[in-house]
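Next come the structures, one after another.
What follows is a pair of complexes built around subunit A, which joins subunit B in one and subunit C in the other.
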Partner chain A sequence: MSSPKFERVKRSNPRIAELLERLGTYIQNQIQSGQTYVVPKLAAAALGLNDGEAFVLLEILAAGGLLQRIYNLYCGNTGIVLATVDDPEQLDEIPHCDDCDEDHRLSGLKVEVAFAPNDALFTKAA
Partner chain B sequence: MANPGNSREEIRARIKPVLDNVAVDGLRAWLKSIALPSAAYSRAAITDLVSNQIAGKQLAEDALAEALIGFEEASDMRIYLFRMEDLPSGKPERWLPTRLVKAGFALADSRIFAGEKAKPMSPVYARLEGGLLRVKWAEQQQRSKMNERGDGVVLTPVFKRVVLIADFMDGIAELRLNPAERIHAYEDAGGRMTAEAYYQAYFDKAADLLGCRLAPVDLRSVVRALVEEENPRVARIHIDDHTNQSNYKTKTTGPRADVRDSPDWQLAYTKSGNTWAWDAQSFYWLPKVSSGFLTREVFTHINAEEGFIKVNADCSDKEVTHVISQIRTREAK
Partner chain C sequence: MATGRKKRKDALRPSEEAHRQVVDLLELGERSSNPDIRAAAIEIAKNTSVNQRVQSARVRPATIMVASTLVLLGAIAACWYALVHYPVALGRSISGIIILVAVLLIALYALLSGHLSQDNFMKLCIAAWEWGKGLFPSSSRTPVERLPVTAGTEHSPTGDDPPSRP
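This part shows the complex of A and B:
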């Protein structure tokens, strides 16, 4: 499993290259199994890290152009995903919540940071 | 507590206003933990019982005051655990007193009741002993609810207590806060009065007082450890709430049992439990494996997503201190 971008990121972070390799394999498996984005807490659970460590590793891959940071908006009452946006500006354009049948205010929602693939390495066909 | 009269009636009149603020279940559990009779199931009955015990010299009034301060500092709390990073160098006895005085505290020899302090972040006391700092703030917030006719809002003043316990030996700070009411003095960046703004204001206050960064302790690893712990089980799992690798959230609630005894839960856990992200779990800590610290099952809700532990309104300081110490020993360092 490799791509020029991924190799560059590992070379720039030699002390955590092995961890990045494990994370890369995890992301690839997640995408292969139909997930469209990677959630830090799930990556942490699968790799035996804490949320903060997983987030930092995912940010490193995002900084290297392999992933893109996105935001999942959840209904605060039901926990259902209402929208996924890639720009914080779009957080103000919240769609109608069908389960509650109302337009929630931003304070009534939960925002989760996730990471979507941004490189051929992490696509279904890779 | 002052001791002006020793008849049963005088004692009763003196302690009743204070006991009225403490849950009956909690008082009963506390009496049981100090090996005193506790068979009273209403507020009036337990007030009589405690008055009799003081009048009969079975219970010292000072011990009661100490216990009630403990209830004030442990009941109905959201508890946040932090690792203290980049603390000022040297022993806290050297650098901390100046910071405490600047923050409006006078160093005290003993804990005291908060009283009816209304201003936001009113200092109550600070106590530094053996590498352990204990600080209490108090304030008044407003509870709002609709009136009986449904055409107006009734505001009720509610006193809030916030307690910071900093363990300099282990580098851990514990911040206990009564949950926020609707109306208080804290606003977010958008000018809205939110509960998060209230919690954040105290996180900032605590970090400022300690002169360090406060890094939240990861509670998911604590939940994982508690779920895995089987022989013996230290807690009964009442609600399991996790997210699987496909990002499906699953919530399992048990009756008076443990969700780990559910065959369906066991099947799923055996197959993929090692990759679940533990989100929010409710536990009843079991007395039989508490080395005598608990005399009843004690409820805690661990919200690993938001990073806090919630304890009920009838908990004594001894119970909460035991539970937090159990959580701390299971934290992945």
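This part shows the complex of A and C:
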């Protein structure tokens, strides 16, 4: 598994290059199995890290242009994704929930931070 | 405590909730046993904090630019007027005060636009206060300081003292 961007990120962080390599493999597997984004909590569980460590590693890949931080907004009742945005301010423009047929209150919504692939390395075709 | 935290969490807008999640994750990252991850977490936290400040700014950056430019031009004009129309010493003091006020105003605008943290604003205010105190010559206090202290102090007569009047 290699791409110029990924190699650059690993070179910039030589002491965590191995962790980044493992994370890269995990992301590639997730994307190839049909996932469209990576959740820090799940990545942490898969790599044996804490949530914060996984988030920081994902952020390092995002800073290198390999991933993009996104935010998923879920309906609190059904767990359906109402919106996926890359700017957190857009989360406040809450869409109508078709399943519940109502505009949820703030307490009826859930937000999740995730990362979407931004590079050919992490696309299905790769 | 837990109830209070839950209540606060419930009231958060989704964008605020997202920011809180990111901050929580970064705090976890800062407690990592790996020093490189810790350093990266601290760096990301700094950038996140700056971005959040700019995003939640109450005033648009363009407005701040215009206001700061006007303040700067006004200050320059006022300094010129003070130096031309008043004696040199007074003109310099007035110019100093004008510059002080202009810097504080621009800093306030920067604070409102999210380009300056509250901490740095306070540091600037303290520095300005210290500098402002130096604008006024200490000679103005000297006469008061030189006043003889007589009230409440005993004075034992010596041979040098003038004879007291009956």
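Odds and ends about this structure:
Going forward, the second predicted complex is superposed on the first by the 123 of 126 C-alpha atoms of A that agree within 3 Å, B and C clash if a C-alpha of one lies under 4 Å from a C-alpha of the other, contacts with A are read in each partner's own complex, and residues count from 1 in each chain.
Definition applied: a contact is a pair of C-beta atoms (placed from the backbone, for glycine too) under 8 Å apart; a residue touches a chain by one contact, two chains touch by 3 or more.
Only a predicted model underlies this, so the values are computations on that prediction, with no experimental measurement involved.
With both structures placed on the common chain, the touch criterion links A:73 to subunit C but leaves subunit B unconnected. In the superposition on chain A, A:107 contacts both subunit B and subunit C. Once the two complexes are overlaid on the shared chain, A:50 sits against subunit B and subunit C alike. Touching more residues of subunit A than its counterpart among subunit B and subunit C is C. Shared contact residues on subunit A (touching subunit B in one structure, subunit C in the other): 50-52, 107.
Of all the residues in subunit B, the ones that touch subunit A in their complex are 192, 194, 218, 220-221, 243, 245-247, 249, 275-278, 305, 332. The touching residues of subunit A, when paired with subunit B in their complex, are 30, 33-35, 39, 41-42, 44-46, 50-52, 79, 107. Chain contact summary for the complex, subunit C toward subunit A: residues 10-15, 17-19, 21-22, 24-32, 34, 36-37, 40-41, 44, 55.
Residues of subunit A that touch subunit C in their complex: 13, 15-16, 19, 40, 50-53, 55-57, 59-60, 71, 73, 88-89, 91-92, 94, 106-107, 109, 111-113.
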